[in-house]
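The data blocks that follow each hold one structure.
Next, two complexes with chain A in common: one pairs it with chain B, the other with chain C.
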Partner chain A sequence: MGRYILQRVTLMLVTFFIITFICFALIRMLPLPAVQPGDPHQEVVLQRRELMGYNKPIIEQFGIFLKGLFTKWDWGVSDKLYMGQEVWSIFLGKLPPTMVTNLYSIIFAIPIGILLGIIAALRKNTWLDHFISTATMVCISVPSFVYASIVQHFLCFRWGWFPMVMATGTDLFTKEMFLSMVPAVLSLSFGVIAGFTRTTRAELTEVLTSEFMLLARTKGLTKMQATVRHALKNCMVVILPAIFGNFISIMSGSLIIEQIFSIPGVGKLYLSSINALDYPLFLLLSCFYLAIGLIAGIVVDVSYGFIDPRIRMGSRK
Partner chain B sequence: MADSIQRIPAEKFTFVQKDAVITDKKLDTKARSYMADALIRFRKNKSSVAAAFILLLLVLYAIIVPIVSPYSMDDKDPDKRYVSFPPFIKSIADENIGIFDGSTKITSINEQGYQRLIAIGKETGMEPIIKITEISTQEEIYRGKPREVQYYTMEANQYYMTGVVLRVLSFEEFEDIQKWQTENNIQVIYPWVEPSAIKNIEDPAIWYKVSDNKGTPDFDADGNFVPAYSTKKSLEGAPYDSLRIESDPGNYIYSIKKSGSVQVRLCYFNYTIYRTGHLPEHVFGVNSRCEDLATAIAIGARFSLLFAVAVSAINLTIGAIYGSIQGYYGGYIDLTMDRISDILSGLPFTVCVVLFQYHMAGTSFGVIGAFLLAFIVTGWIGMAALTRKQFYRFKSQEYILAARTLGASDRRLIFKHIFPNAIGTIITSVALVIPSVISSETSLTYLGIVNVSGVFGASLGDLMSNGQTYAQKSPWALFFPALYFSLLLICFNLFGNGLRDAFNPSTRGVED
Partner chain C sequence: MKKALSLLLAAVMIFSLAACQPEVKPTTAPTQAPTQAAPTQAPTQAPTQPRPTQAPTQAPTTAAPRTPGDGKDNPVVWEAGKTYTYKASTSTLGANWNPHTYQTTDEAYTLDYTTDNLYTFLFNNTYDGYVIVPSLAAAEPVDVTAAVRTAHPEYNIPADATSGFAYKVSLNPKAVWDDGTPIKAADYVESYKRLLDPNAANYRSADALSGSFVIANVNEYYWQGKTAYTPLGITPTEYLAQGHTAAEIYVNAWDFWGAEGYKDKDGNECPNWISVLDTTVYDNEDKDDAFSGADLYRVYLGPGAPYESAYAPEDLGYAVSYPPNFEWSKVGIYASGEYELTIALTKSLSGFYLLYNINGLSTFLVKTDLYDKCLDKEKYTSTYGTDVATSASFGPYKIVEYQADKYVKMVKNDKWWGWSSDQFVYQDPEDHLWYQMYQTTEINCQVVTESATRREMFLKGELASYGLQTEDMDTYRNSDYTYVSPGSTIFFFIFNGYKSVIEQREADETFDKTKFDLETMTLQSFRKAVAVSYDKELLCAAINPARSGGYGIIGKSYIYDPDTGAEYRETDVARKVLCDFYSVDTTKFASLEEAAASITGYDPVAAKQLYKQAFDEAIAAGYITDTDKDGKSDQTIKITYSASSMSDFMTKTLNYLNEKMTEVTQGTPFEGKIVFDAVAYGNAWSDRIKDGTADTVLGGWSGSLLDPYSVIKLYTDPTQAYDGKWFNGQTVPFTLTVNGKEITMSLYDWGECLNGTTVNGNNFGSDAASQETRLQILAALEGEILKTYDYIPMIQDAGMAMLSQQLFYVTEEYNAVMGRGGITYLKYNYDDAAWANYVKAQGGQLKY
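Up next, the complex of A and B:
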């Protein structure tokens, strides 16, 4: 197990390094934004570029970048959106709103998703199951911006229950702030609920028809006991890793939802850095999204081995 | 030994069972082919069949509508008057059943505004007011004295509400409209009203005598509007010899001079008929960019479908070849190629799209070319994995060994013997790849990371993002693209799921 984890982490680091290099090279090869004539920062900008190693070979530039990264954790300064500010601190500032909204959404969505999945599985082939399955199907097929728009139009505009966009302010835990986050949280939740419902239903229907369930009933357990103690426990082998994966991903904000509800989070920052051609910010956030994706993948894979002793990760035949 | 076997003379061989009676019966039933079997099972899945049917309609919509539609993306209302207008079909609106009547809710209309709308109906013969939903009375202080003011909330037809507008026409156009009017018997140009006759109000819709500069109408004894049309021949811009309005005694002027051209009051609705040759009907309404939504949706859908099919076809080809080589040769080749695809699969999709756009959108590849490449960079990996798995399943089977013993080359083994086995699985997975491509493509155009509509005319994501911005004013601009898009994705997924189940041999006979 330890060997397997080590193997996966090493591979992840290699992947991370290679893709970072590719992104870095591709970004550095782009034409630089022209310096505004008469800009008082002109000197500083030019000097900064010289230091970053522009007009040296890409490999050397990457070396300079890595050196700065390892010695000072220096990701560069923003050159468009937040002129002259450290991109790392900008990024850290944007993390809390994203994490809070995502956290609310998975705390809300995962139990509902699992519950709906259980109901659908236990009432298989009844109208309730058909209804839940159809709704799940619809939620999975339709991208989040469609229902985000619907949520915003009805809950915020027509009925006026919530503000149209997230309230501004630094304290994320006031009542007003919470209310203004509800539409975004709801929109984020649909996909998560649908995902968990589908997984739970599929797993549970399979487990419920397996032979050990018959044994459990034969030895005198009630249907309730058998389901909760035996069937659900087995389902968790698939569900728990998905939950872990979701918890890792709370840091990466949804570009679309944050844009629609103007949440000052990572996703919105990413989108504005793309549109404003702010290269250092774009590089940092690309690396961040890359890392989150890779880590979530490893956590999901490894947790299978921890949860279910029958699964031996990375074992040979 | 081998020598003696070869030398057995032919006549020594005899048939063992030459005269024996064979009791085996020939099979009466016809063998069912794989495809026929899949089709039968697909038909049993009612929701998939329904989805396939709706999908067909949606695709037909995308193909046919831009051809038959009188609107295109380039030819927009030049005056930009029909902005964010609701769905309107005249023949349905005349039935007065509450749909396609071009109606929007207007609030806080005061008495003068209300009279103005009635007057528009009186002059042009097209009643803008559909239904008054509420009349509220408010107390206001007017010149030191309190008085009651009525405010109307109503449903009104926005197309008719545009009413009569001012427009400067060249002499040729003025002549042309006159000729058209006479031919078609539709009044476009209405008699001129001097601002001085209506207390200097600058509102082309007011054609009646008013008592103050707020536009309070001066009714005659019967409570009718009193026309304030100009009869001053000296002002007339060009001779008028065409339809005259009913109440015209024959001396109204229909235009005034305006530096080398004429200025007229014209009914915009009828003017649009003159200009375009058809009624200004918009089945799904108009968005804030003056685009006819019905056409724009179809063009956007064309892009999405073409793009998704192209991406899937290319990814299918690359993935199949890559996966075949991986699966067939195995060993180190497999391991190396697997690492490559592993690393590539870590690349976040958004990053990939953005970098391609930065680098290639300005080159000869263009926006769409760069977008397509971004989808291909990581898109083939799933397909390759699928093919690889199928190859591992089939390559050690006896018939492959037999073919190899007969001297078949690697290429022949791969493409003639193993790959056809994998085709069913691969094709059905394409049915599920297409909706996912459409979905991510639309998300990116929605966010504005990729601007397809500049090149292709319209894209669903762009339409929805525009609709979302103006959702409060014109919800239809969001509703119809979102509806089409959602239906497309849901049907594609249902259809794909049905197809996958039908082609999956392991579920064969399970439901019977």
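Up next, the complex of A and C:
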């Protein structure tokens, strides 16, 4: 297993480097934001680009970038959205609100999702199962911004239970802040609950009809005992990697939810950097999401081996 | 059982009686609100406690008993301990408010509150105009042209100049930064030096390098060791006639040919400016747009070439190589005393425009010690003005909290000198008491991207104002709390008159001439018909009710005389222009004001006649046919609308235009034969109009409301005008009698003269002619431009916003310069605590 992990990590780093270079080259090949004819700032803007090294060959620019990265962890300076500020600092400042909101959402959603899945599986083909399954389909089909708008309008505006938008301030663990996050957490949770409900129901339904479950019951176990001790454990082969994947993706943020509830997170940073043609910021975020994707892949793959010892990763036999 | 029933019946009766009691409404119910949001008329305040927040807190200090507010020297001071928070929202919160590098108005948001000006605009006593008073300055600038010219020949002040080129400004010694550090003359000089640091390439340095307020030698300092290019401003023929050679001329290949990113055969990028003798060929990636500097000059822009008049003055230029190592001491700004600044200018400036522009000096003021700490000299980037620690205030407010993309909080800057000045007080026009300005104790602006969220927050009392969206208009446009603020833009139809391009388009094999026609739209009778086909007020009501009908090419709020604040559109000459354009018989009205007010721009009867006339002319010209002789056009006049993008607004606009066009053309030869068809061209929408490949758009120009004269140049100068390729103002002679003297010049030259350029000995710039003379010329030019019917004014831009019941403006009248006074003149009906209670009493949601 150790060898397998090492192989995967090495491969991940190589992949990361190659894709980063491709991203860097493509970004630097993009035309810079057009300077409007007649704009009195034209000469100044062009002069600044010269100073920022945009006119050097791309390979030389990449060398400068790598040197700064490895010697000073310097990801560059934002030249549009956050003029003059280190993009790494900007990014770090925006990560906590996104992570906390998503973390609350996962803590809230996963148990509920699994519980509903278990209920639906155990009550298969009853009205309860049909109700949960239908609700699950609705939750998966409807975009999250619809939930967000409904939650905000009714829970925040009409009934006044929660603030309309996330509270101001950087202390994310106050009561006021928690309450202000609830609408966003709820909005984010619908999709996660539905996903886990569907997965759990499908897996558990299959496992419950297996022969070993019949054996377990004939040995004298109650239905509850058989389900918890045997059926659920088998389901976890699929569910646990999904939980790991969700935990890793808590850093990715949600553009729509963050926008509606004014969460100053990374969700809309990526899109803003593209719209504003802020290339240093865009590159950092591209690398970040690339890293998230690669790490998530490894973690999920490796987790299979830990959950089910029968699965042997990277075995040549 | 009977007992139970009787008990139940009794309970029902008691409940019914209780339910029949009249509903107890809060005394501050919004439904009882009077028609205006003004404080004295607003019922939103508890009647028993009128204006609770204005309770005087100052005890009379003189022997004679005085009431707070009874005089300018004894204003009402806002009660200590109470907070009045201005709760604002924005969709984008700027992350960089460094005065030297910010780029957008979002980024400059906090600067409006945390900075002060050398000279400040305040309302006059009657709230119908403004006064300019010294603020960071101690007095008006003193003209020292003669003395500075002698002492500093390096400033190159013209030898015959006696005034307008150099000024001494006494500074206010009370002005300090928010940490108490005094602001001295050296701070202005050092700030300017940092702004113009040649290595920094600060974005806002461009503002100091050109325009009407340019300090002597700033370009020499900024561009030292580099080459800068300046447009010729005249044709190459004229330039060569002055003794120059073609070797001195360069072409702006990026602007004229769009050649940014083009490369030569060796892969070298095409520079912005190329010598007109340079034969290096540059081409795009598709290899289908090759050119050289020599080609552009010979074929398009050089002497005798087709675009010599229209484009060469702007797109041909001369190079100026600035010598290296230019010393800062030669730049025309220096501290002539601890609190005295002397400046020398490259162009003369005086009066209003001097006071208006000299504020640029305070605009660029930075706290130099902090600034230097924030500057990364390796990358020449700065973190100054990016968070609380890197910000310094010298205005009425200071930043105390900031979170990127979330919120910014500002509180009163207790070190601001103005708190102890009797200058920042005003007399309330309602109660005639004197009050201290800036009642707002805290400004809290947070990012709320979604307009629906903003509206709901506003209705919950969480925001001070809300800008109405189209979907809100039906509900809130007539609210007592809704304010309309006119914009500077007039949106007009521009009609394609580029006949050669239209002919090319019609010659294209995909164009079916038997079904469609484009040429008819070039007929003036057709354009006249379109001009009277739409009720402009109804058009606005349909597509954007915040706006109103637009009738001239210069909008409502433009001021022709900044000294008096007189609005151009309110003058008789401007009214006469409109009456002439819309053929109003002024003899039927008591005054020009009444005559102009009667204009709707809508006359379906005249429109039908004009469409008939256009039909006859188009048939005669062979543009359209009527083969079956039914008196109707065989072709549909297809008008391509150049949209930037397709949107609900665009769809609504087009639907309205087509629907009303169908109505007005009923019974005419063009019944059902005129169609607007939108195509989305992105950012190229204006280029499409200018090059004749699209036919119309509702477009416009925005400009400085204090300078309508520069706006007129956008129509007379073919390099800027939308119709510049088919209407060359440089070749259209125009005669005017000015001060008894008949003068004939091209429209272009008239525009230039009006903006301070001397042409044939004529100059009607602000320093050279009276405002009345300039007004006459401006109106005449507007009338002449309208006569082309290239522009058909349709919409006067405006915005609508609601103001919370918590606060109100001292004056409701909108002033082009002052607006409604902004934060300076805001007054509160409730402090924060009282407001929270009030909102709660209304059930948590307010009615507007």
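By definition in this document, the second predicted complex is superposed on the first by the 294 of 317 C-alpha atoms of A that agree within 3 Å, B and C clash if a C-alpha of one lies under 4 Å from a C-alpha of the other, contacts with A are read in each partner's own complex, and residues count from 1 in each chain.
Here, contacts are C-beta pairs under 8 Å (C-beta built on N, C-alpha and C of every residue); 3 or more make two chains touch, one makes a residue touch a chain.
In this text the structure is predicted, and so the values were computed from the model without any measurement.
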{"item": "Touching partner for A:V146 - first (chain B), second (chain C), both, neither", "value": "first"}
{"item": "First (chain B), second (chain C), both or neither touched by A:Q259", "value": "both"}
{"item": "Chain B versus chain C as contact partner of A:Y82, first or second or both or neither", "value": "second"}
{"item": "First, second, both or neither for A:V45, with chain B first and chain C second", "value": "second"}
{"item": "Chain B versus chain C as contact partner of A:F157, first or second or both or neither", "value": "both"}
{"item": "Which of chain B and chain C A:T168 touches, first, second, both or neither", "value": "second"}
{"item": "Touching partner for A:L271 - first (chain B), second (chain C), both, neither", "value": "first"}
{"item": "Touching partner for A:I18 - first (chain B), second (chain C), both, neither", "value": "first"}
{"item": "Overlapping contact positions on chain A, where the chain C interface meets the chain B interface", "value": "149, 152-153, 157, 259-260"}
{"item": "Chain C-facing residues of chain A, complex", "value": "31, 34-35, 37-38, 40-48, 51-52, 55, 77, 81-85, 90, 93-94, 149, 152-153, 156-157, 160, 164-166, 168-170, 259-260, 262, 264, 268-269"}
{"item": "Contacting residues of chain C [partner chain A, same complex]", "value": "95-96, 98, 101-103, 107, 199, 201-203, 205-207, 209-211, 228, 254-255, 260-261, 269, 272, 314, 376, 379-384, 386, 401, 403-407, 409, 444, 446-450, 452-453, 456-457, 459-460, 462, 683, 720, 844-845"}
{"item": "Footprint of chain A on chain B - complex, ascending", "value": "342-343, 346-348, 350-351, 354-355, 358-359, 435, 439, 442-443, 446-449, 464, 467-468, 471-472, 475, 478, 482, 485-486, 489-490, 492-494"}
{"item": "Residue numbers on chain A that touch chain B, as the complex places them", "value": "11, 14-16, 18-19, 22-23, 26-27, 29-30, 137-138, 140-143, 145-146, 149-150, 152-153, 157, 255-256, 259-260, 270-271, 274-275, 277, 282, 286, 289-290, 293-294"}
